[in-house]
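Presented below is the structure to which this report refers.
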Amino acid sequence: MFYVDLAISGIVFGCMYALMAVGLTLVYGMLRILHIAHAAVFALGAYVTVLVANASGSILIGFIAALIATPLCGVAIYRLLYQPLLHYRPDVPMIASIGLLVLMQDGFRILFGEQGVTFLKNPLAIETVDIAGITLNLAQIAVLIVTIIIFLALHLFTTQTRIGVAWRATVSNPRIAASFGVDAIRVRYLNFAIGSALAGVAGGLIALLNNFVDPTIGYVVSYKALAIIVLGGLGSVRGTLIASLFLGVIESYGTIFIGSYLNRDAIAFLALILILMARPQGFTGARTA
Amino acid sequence: MNAPVLALHNLAISFGGVAAVDDVSFAIGRGDFFGLIGPNGAGKTTLIRLISGILTPNSGRVELLGEDVTHRSTATRVRRGLALTHQIVRPFRTMSVLDNVVLAAGHMRTVDPLRALLQMDRHAERERAMSILRQVGLAGAETKLAGSLPLGQLKRLEIARALALDPTVVLLDEPLAGLNNSEAAEQIDMIAGVNASGVTILLVEHNLEEVIRASRRLIVLANGRVIGDGVPHDVMRQQDVRAAYLGESVETYAAG
Amino acid sequence: MSAYTISLLSIVGINVILAVSLNIISGFCGQISLGHGAFYGAGAYAAALVAIATRNLPLALIAGMLVGSVLGLIVGFASLRVRSDFLAVTTIGINFLFTGFVRKQGWLGAEMGISSIPASGLGASGNMIMIELFAAATIALSLYVNASWMGFAFRAVAEDEDAAATLAINGISYKLVAFALGTALAGLAGALYAYFTQFINVDAFDFITSVMLMAMVVIGGIGSTVGVAIAAIVLTLLPETFRFINEYRLLVFGGLLVLFISLAPGGLASLFHGTRTRLRR
């Protein structure tokens, strides 16, 4: 059962990566910007969830607060930082984005302390259930269920609603969508709002899972998410989902088998670099910019 | 005829089973002025890419001064005497007009980075660049940033850069595109002057009138094949050439 | 001079070498590298091992440069395969790979780092003078490179590699040279750092270090040797002089990075290669 446990824990991590990375891949698809500060939005989601949950006594209210704060933050980043830089080489907004990540992460450290914050009461991380001999805690189950619901909702939204279809069209080809009268600016706001909300939920879930949030939470996840969107074939939601789960599971097994040579984060990057070298256009090769 | 400086032997390439260039052969002698025309989709751009080394043919050879360069890089071909201008101008916008040409004039110094590191003197290259700028009519603009020039002057800068490479043959890709009639006529006169100074020219153009006026030999491409080859006015009277062009103009008209 | 001043000046000198060398790769040749910390670290570890084994200063410095540039050449080859923004991601990956690898290597001291690195034998002030001499030499070399035909060709490759090819400039070999040169200097800085602290830990070479170096290059005016050197000096001294800033060091660096790019994206972009930006509206 050990290997099954590893796979499950890998999938749970993979779900988190997916929620985090989808926003990133959508931004890249639409604007060709590597939105590294997305990880700061994710960290914001984690902090807000914990702090509001503690203040209100309800984890659910914590999540709702994160769902309000993170889209606002994401849209503000687009409007204030990226929009003036859209006409420059992609490295320019990317470096600005790294600057913002460093700024926000350090801001969280200063505001909320070196030690980070923990839930006062988090029954989900403690209580476990046995399903067919596999032990899962409630937080893990919550991650799996929330991820499935979100991706289903996303699928329905982008196939069944007018604005959703326009959004998808813009991500896959901004120019053609514009010529069909899609309002690019509105779609971009929507893009940042939804992508950021997903990152916020991911942040809340990881806080639930680890039962604490520390000031470095964003860093590693951000670069890992970059790795994922490259592997997933930039701009592709499905590719990102697959790459996320793949990376989660690889890391899980990797820490067991090559963990004495490389740490968990290095494994992800080794996979990334090898695949980039073999397939410069990414895993699925869906998009060649 | 003298020995060819640029010769294509049975060049062919296809993309996804569609032949873009199909068994194309011709040879340009030293000092010649060739025009290459063809309706849209005739394979002109693909042929240019094969000559410049961006694409490698499925079969056939490209020879420069009698040497097979089919599998050589663009940089190598340029060192062997081929110079190129782009349809869409690509100056180094952050450099001055003069520096753009100086860099080209110093191409023998920049072949090997480590040798380039040991050289600083730019005096001779500056002199040469100035004289070329005068030749193409850009004297007085040398200190401007290349990015600030209007299109007509950028087209001249492209040609100046090509000439500074001291080429045996220059491949001009639509040097008149985007220019108005009088600018185009001026530009073609300048190119004819360059040719008169001994540089072999292969001119790929949409502007039929000017090509026919300036070139001494005309090659017509349609559907990837050479359908006409000879003295410009004779070629333009050929039945299949007229069909290819009239066919296009009818379509263009309908589409417009 | 107090021991504190000497140590401060030593760090300034090392950061000048690092920032100026990164500027050769990213400023002159246009290859955005966010993994400079890895080459710095590789040089430091190589020099530390050689210093412990041989107690020979020149040998250790050469080892640092060599290991830095070999690693740099490997990354340089990688850079040939990917577009500019992916190159940035790849170099970030190299940095994480480096730190992740070192943390698990017992022979490199793993999390503990390597202590007991022998002294250079020059004394603290002699050591500092050596560092400043190397920093001055690095600045001189960088100025020379920029004035040479190599620097001229770098500018062409940085702005438009394909157009450079039509001038017979082989972008591939120029990029490799830029990486080899820049990372050799980063390796040298690492070796000097190893002698300076006599104790190295992988935390000094992490991704944040790379970002700080990139901030120095951006704020100094990418491509300008003197500007970058001044930025390295100021940004190193600032948190040391105003102690309260040290606590908020990252906040300040991140903020400056955002501020400088927002205020002067054109200057920045045009010195990166500006012509190939796609206009989107």
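To keep things simple, chains are lettered A, B and C as they appear, and every chain counts its residues starting from 1.
What we mean here is this: a residue touches a chain if its C-beta (ideal position, glycine included) is under 8 Å from a C-beta of that chain, and two chains touch if they have at least 3 such contacts.
Values in this document were obtained by computation on a predicted structure and should not be read as measured data.
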Subject >> Chains touching both subunit B and subunit C >> reply: none
Original post:
What chain lies closest to the overall centre, CA atoms only?
Top reply: C
Original post:
Where the CA atoms of subunit B average out and where those of subunit C average out, how many Å apart are those spots?
Top reply: 42
Subject >> Inter-chain centre distance, subunit A versus subunit B - centres from mean C-alpha coordinates, in Å >> reply: 49
Subject >> Gap in Å, rounded to a whole number, between the CA centres of subunit C and subunit A >> reply: 30
**OP:** Quick one: which residues in subunit A touch 2 or more of the other chains?
**Re:** none
Original post:
Which parts of subunit C, given as residue numbers and ranges, touch two or more other chains?
Top reply: 273-274
Subject >> subunit C-facing residues of subunit B, complex >> reply: 52, 73-76, 78-79, 83-84, 86, 90-95, 99, 102-104, 106-107, 109-114, 116-120, 122, 147, 161-162, 165
Subject >> Contact set on subunit C toward subunit A in their complex >> reply: 32, 34, 78, 81-86, 88-90, 92-94, 96-97, 99-101, 103-105, 207-208, 211, 214-215, 218, 247-251, 253-258, 261-262, 265-266, 268-269, 272-274, 276-280
Original post:
Which of the residues in subunit C end up touching subunit B in this complex?
Top reply: 145, 147-150, 152-153, 155-156, 159-160, 162-163, 165-170, 173-174, 177, 270-271, 273-275
Subject >> Residues of subunit A defined as touching subunit C within the complex >> reply: 31-32, 34, 81, 84-96, 98-107, 109-110, 174, 219-220, 223, 226-227, 230, 259-270, 272-273, 276-277, 280, 289
